[in-house]
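The following pair of complexes shares a single chain, subunit A, combined with subunit B in the former and subunit C in the latter.
On to the complex of A and B.
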């Protein structure tokens, strides 16, 4: 590794980036953590499980939103800080969901089968149990054999390791291939989109071993906790999601605050220049890409047990593009912007598409938001890209002293391109 | 009483019969219509026919067949179907239908009633199967000798539909007499097929089989395949065999499990029945006594071994029959050989295999040609979808994620125009320029409103145009609904150009291929030979220098983007003709289109052509290897592209020098 860049030719903004400051001392980190804790505590204490008024379904929605915020933080790290516009992070998210879903489905089906066999005159043999589980799970795709990829599905620890390993390895291999041949910019985006499309098409097949387009379902029923009411389970997942989001945020904040953060921002702003300075640009990019894929996988593993079902449609390229939309609207290049964007847009989307938004009567035509929300989102996205590249997070800059702007690390639009 | 219906029935009969009627009515005699010439022949041979012996019947059949009378065929058919009766009183041949205890008689030719007769007064002519075959052969010969070639051809088709051994002689005789070369050719083919199926002489059959080498007709394969029919035979290892063995089956190999093999032994009575797992469990359950089976606690019976052991103890106690263990089953299976045995002799099967191999060889050749055509047509579709992108993304370097939505707009334009112009051909001709105009305008608007502000910020262009794409898709959904709309192609595009049974091309594919070739040539011309093309290239390479030369880069960018979008609109009309027109029509092509451009090499029309060809052929090739699964084919293709880009990151046709840096 070359000496750190204390190069006098660097721009003024660049020099200010070199001046490091502990991430824990940054006001944004402190504010986000405090808000997160306050929000979590208040939701938990007001939830149905604690005798409050907040319904289980709302707790679930908020828990899911936390997971979306976590993957948005990952996306911000890889795109907003490292300049890699990945259109594949939702694939990692989905894979995480699949990995944990396999255990939930297997263990739950096993429990059901064993329970059913209790009344049989003979105690079931292991083979009989296995056959029954295979028929139960894969009957919908016309199979009864348990595919080899389910080899670890009986064990929660192994599947949890896979939650990290599968998205991580996929990102590592794909990223290595892509970065070593110096695929950058829009080409990389299109390539990641193609990877996502390939994965979702593969999973759509019935013989993919993951139940084709049926996906994995019934994931809200956690094996071993059948007796626990959903209101409690939902709160548990909500807290877990909040903890994961907090940990993910701190990790991301730590990464971007140090020298490493400066290097990846440098890669974002001018990759060849960082390379000329002697840094192994590919290694940095690969590390960030893989790490964020793992974070995405963990977020997915927490998200889908709350959603109840994971299927290949979740992985379709469009989902990853929406992820970019959230981060862009929230304001990329600042971690709390990603959280704002994901929470704001996904909750707004739930509100609009849920049919709860009031229709607008124009006299000659009634705008029903279920139909027009997507149009509004699309247009809003174009407007944000054109006129507010800093997104909603940019509003924060208006509130705090202009001096802070530099440390927020938001690139000038023109330089973000290269 | 008896005369009246007879007279009424005769009235509509043939002229000869009419004359007879007047004569009969005029004279008032008791007699019926005199025998027609056909009936006369029957009467002349009455004795032979009634004797109905295979050795002597020949002349009677010949007399009918060679009479040249058109009714003779009907008479022969009646005779063969045992519908001919003879009236004992005067020896006349009639048809008879049961009516109570009596028969109602009708004339064999005209169907005119001839009164009733008791069962004792008529005899049914019952030709045996040998005579039936002779009559059948005569019938065929009869039709095959018809002066009208159409009738002869029809008779031939009848034979091919329902071939019989008896047809062979007549057919062979007819070939020599045939004057029409086309009919003769068809007869010769039918004769060879009949020879294969029915000839007694093995050499003749083999010759006929070999003559079909390389014949692609589906019915040829239908004739040959039954010759290779096999059945599974089992014999002891020591027993000698002279059977014509197709292949030996090994128990436990793919598709022939130990269980299946043992099942066969049981069915052949060569092995005792084995107790299945289910039956074993049933027996154990039946034997449960106070929580244990044969002294074994039920709770411990949770493995296969434990259940087998418990069953063995039950058997030792004599409560259930003994069963063979798996090891014993294996040992027993080792004593036998399982074979697929041909029903035909080795000479025949060898000849057939050889011929079918030769046919399959040619079929495979044509299938390869068919695959190539499939590849070409898929390549043209990808080319059509990507060519607009090749201009906006390739030449201008603008990422337009809404490109797919321009394709969709083109398809919907076609649909709307068909609502107003019902004539399919005219509507398509109108739709092409209108779609171009609409998407050109949309492209210009997009360039002026969004893309112009984002030049040199490709990632932001990607995101903004993606926003446009979301909005346009939802707008289309709001306007046209979510169900697919029809965009119907004209009738003359409906069929297929059939070359032979193994190869055909649908006209729509040809049309799309032609359209993409036209696009390719027109674009090549515009970019390389026109003023606009020159200006486009110069703006791409160096906008400032181009501006210094008096070119307005803003205007050129706008026009180029409009051109690329307009072409997407035309492509949309073409794609809409064979795909479902829905709001996500274009979205399905966007990734492939970008892949096409990237693989081919950004900035080159030739590159897009090469990319489309590569991807089209590749996808069809993968599909051919794994026919059931187009999803998997797409997956593997994308993986291939990702790997391909490793080796040629700039695509097949990489721009070099200064042009590449723009």
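On to the complex of A and C.
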């Protein structure tokens, strides 16, 4: 054991060091988990499927919001903790959606084709079935061949592996190139924007093999569950999204609570200094970048079946910028801040752009929120950046910190894991 | 026995300005060395070269018994070879506690997976406590290091340097902003450390250098002007001319 403490306060401090508080015991983790569970249980029990009043479309909106919260947690990990302002994470989100969407479209079309051929005098050959599927899916872009990238689309497990693999590999290759040449700061942000722009432009092309600007549609109809009403499907996805958010949050909380978290926050605050301590900064950044891309991909894979459609516009550069705005408004560098920001801003955005917000008549001009919401959001972002860098999450400090300080009777010893 | 660190014929230019000019320098395994020189002499740049931050235009920098070249290695690799550095301006991770700063510096596997699976054990905590005792920050272990005074940050950085357990310590102006008592403590610490490893101290304060009681290298305009005991170099006419006479 260590040297015997010389006075009582030191021994107290000493013990608090020895007992490293697990991330599971942190108040923020406990509160977030309890709220998440309570919220999920109440929505499920009040949903249409359970005979309640909450409409299927609202359940879908809330389920999608959970997915947005999950990608926001990933964004907070990569930006708020590791200091990499990626403006491309929505590309990974979209790719996750495409990967799962390919299976949904393929399997559903296959079922329709097989069903239609049942009354035919001769049973169709496998090749005829494939041709029919190809025509059905790619007719809109003037094609009928199934492109090679659809090779695994018949198999759900394989496409689910691709949900992880495709965003992960893209992030790994991109990150390796960028971090190895020490591209940082605004240059890295621009590079990530370029990546997402390039991807979206590519997907817009009709011969990209992913139906150009039509994207993949009908994703709310899950193959094999055609008989199950949407009210039930929506609840299933809502719960799955909640579980994914909970798991993602716990994973992120675990990562940032230990020494790894210390190192990445060190990279955020003073990258060269971390290098001089002997840490290979590139490896840490690459790890965080890739991991968060995978989380984004999973979030997207859960989001788009609830949205029903994924198209290249989803991957537009602006989407990734919004993501950064959510995290900034919610409060970066604290995981629950990301959730608050994503939920608050995206729900507000749905309300404003859904035409439900009342127009404001000024006599000479009418403010229509569908158009002006973007302006409001932009102004809010600037104001938060300038005057409240801790975001909405900073309000929690006002509630919690003063109490702690008073009880300690001295400047509160801030624990690093917070 | 060969030198621990050997710098031979190194030159560095910044936009045509020669900050280091055909510099050669050697240090043994357990040696304390002071480097003095006027502002802009190239003392910090010298440390930048050794730690891989600045790449020289010409010259050799070799390390250890196998004389491996440091020129092609990254900052992190060089640090892991056993070269630790304290910066002129104290640079600690202000957002994190003193404990976490020391923990990050503590000699342990540095790869991401090791860091992720790391769990603090009794030995590490004891080691950090002992270091904190040494640098007078025992009572401040859980404080955010940004709240520390300038002098305490200097101490913390020295503590982080010791925590790395390097074979060579490069210490840039450790005594700046310290009280007389703190300076004495620093001197003692550096001399003690130099019994088992190499220590290079850059310092402006002559009294501090005298207390170190070690060999002194005088840098001027990027090259070695004189080398020897403090008395020897301070009596050198050229040294008086460029440095002490001002």
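Quick notes
Everything that follows uses one rule, which is that the second predicted complex is superposed on the first by the 380 of 418 C-alpha atoms of A that agree within 3 Å, B and C clash if a C-alpha of one lies under 4 Å from a C-alpha of the other, contacts with A are read in each partner's own complex, and residues count from 1 in each chain.
The rule we apply is simple: a residue touches a chain if its C-beta (ideal position, glycine included) is under 8 Å from a C-beta of that chain, and two chains touch if they have at least 3 such contacts.
Because the structure is predicted, anything quoted here is derived from the model rather than measured.
Taking subunit A as the reference chain, the count of touched residues is higher for B when subunit B and subunit C are set side by side. Shared-chain residue A:324: touches subunit B; no touch with subunit C.
In the superposition on chain A, A:273 makes contact with subunit C only, not with subunit B. When both complexes are overlaid on chain A, the residue A:263 reaches subunit C alone and has no touch with subunit B.
Residue contacts after overlaying the shared chain place A:194 against subunit B, while subunit C stays out of touching range.
Contacts of A:379 after superposition on the shared chain: subunit B is touched, whereas subunit C is not. In the superposition on chain A, A:205 makes contact with subunit B only, not with subunit C. When both complexes are overlaid on chain A, the residue A:283 reaches subunit C alone and has no touch with subunit B. Shared contact residues of subunit A, touching subunit B in one structure and subunit C in the other: 413-414, 416.
Against subunit B, in their complex, subunit A makes its touches with residues 85, 121-127, 174, 177-178, 180-183, 185-187, 189-191, 193-195, 197-199, 201-202, 204-205, 207, 317-318, 321, 324-325, 328, 371-375, 377-382, 385-386, 389, 413-414, 416-417. Residues of subunit A that touch subunit C in their complex: 1-3, 9-10, 13-14, 16-18, 20, 255, 258-260, 262-263, 265-266, 269-270, 272-281, 283-284, 287, 411, 413-416.
Listed in rising order, the residues of subunit C touching subunit A in the complex are 51, 53, 74-77, 79-80, 84-85, 87, 91, 93-97, 99-100, 103-105, 110-112, 115-116, 118-120, 122, 125-126, 128-130, 133, 138-139, 141-144, 147, 160, 164. Partner subunit A is touched in their complex by these residues of subunit B: 281, 284-285, 288, 298-304, 307, 399, 450, 453-454, 456-460, 462-464, 466-475, 477-478, 587, 591, 594-595, 598, 629, 631-632, 634-635, 638-639, 641-643, 645-647, 649.
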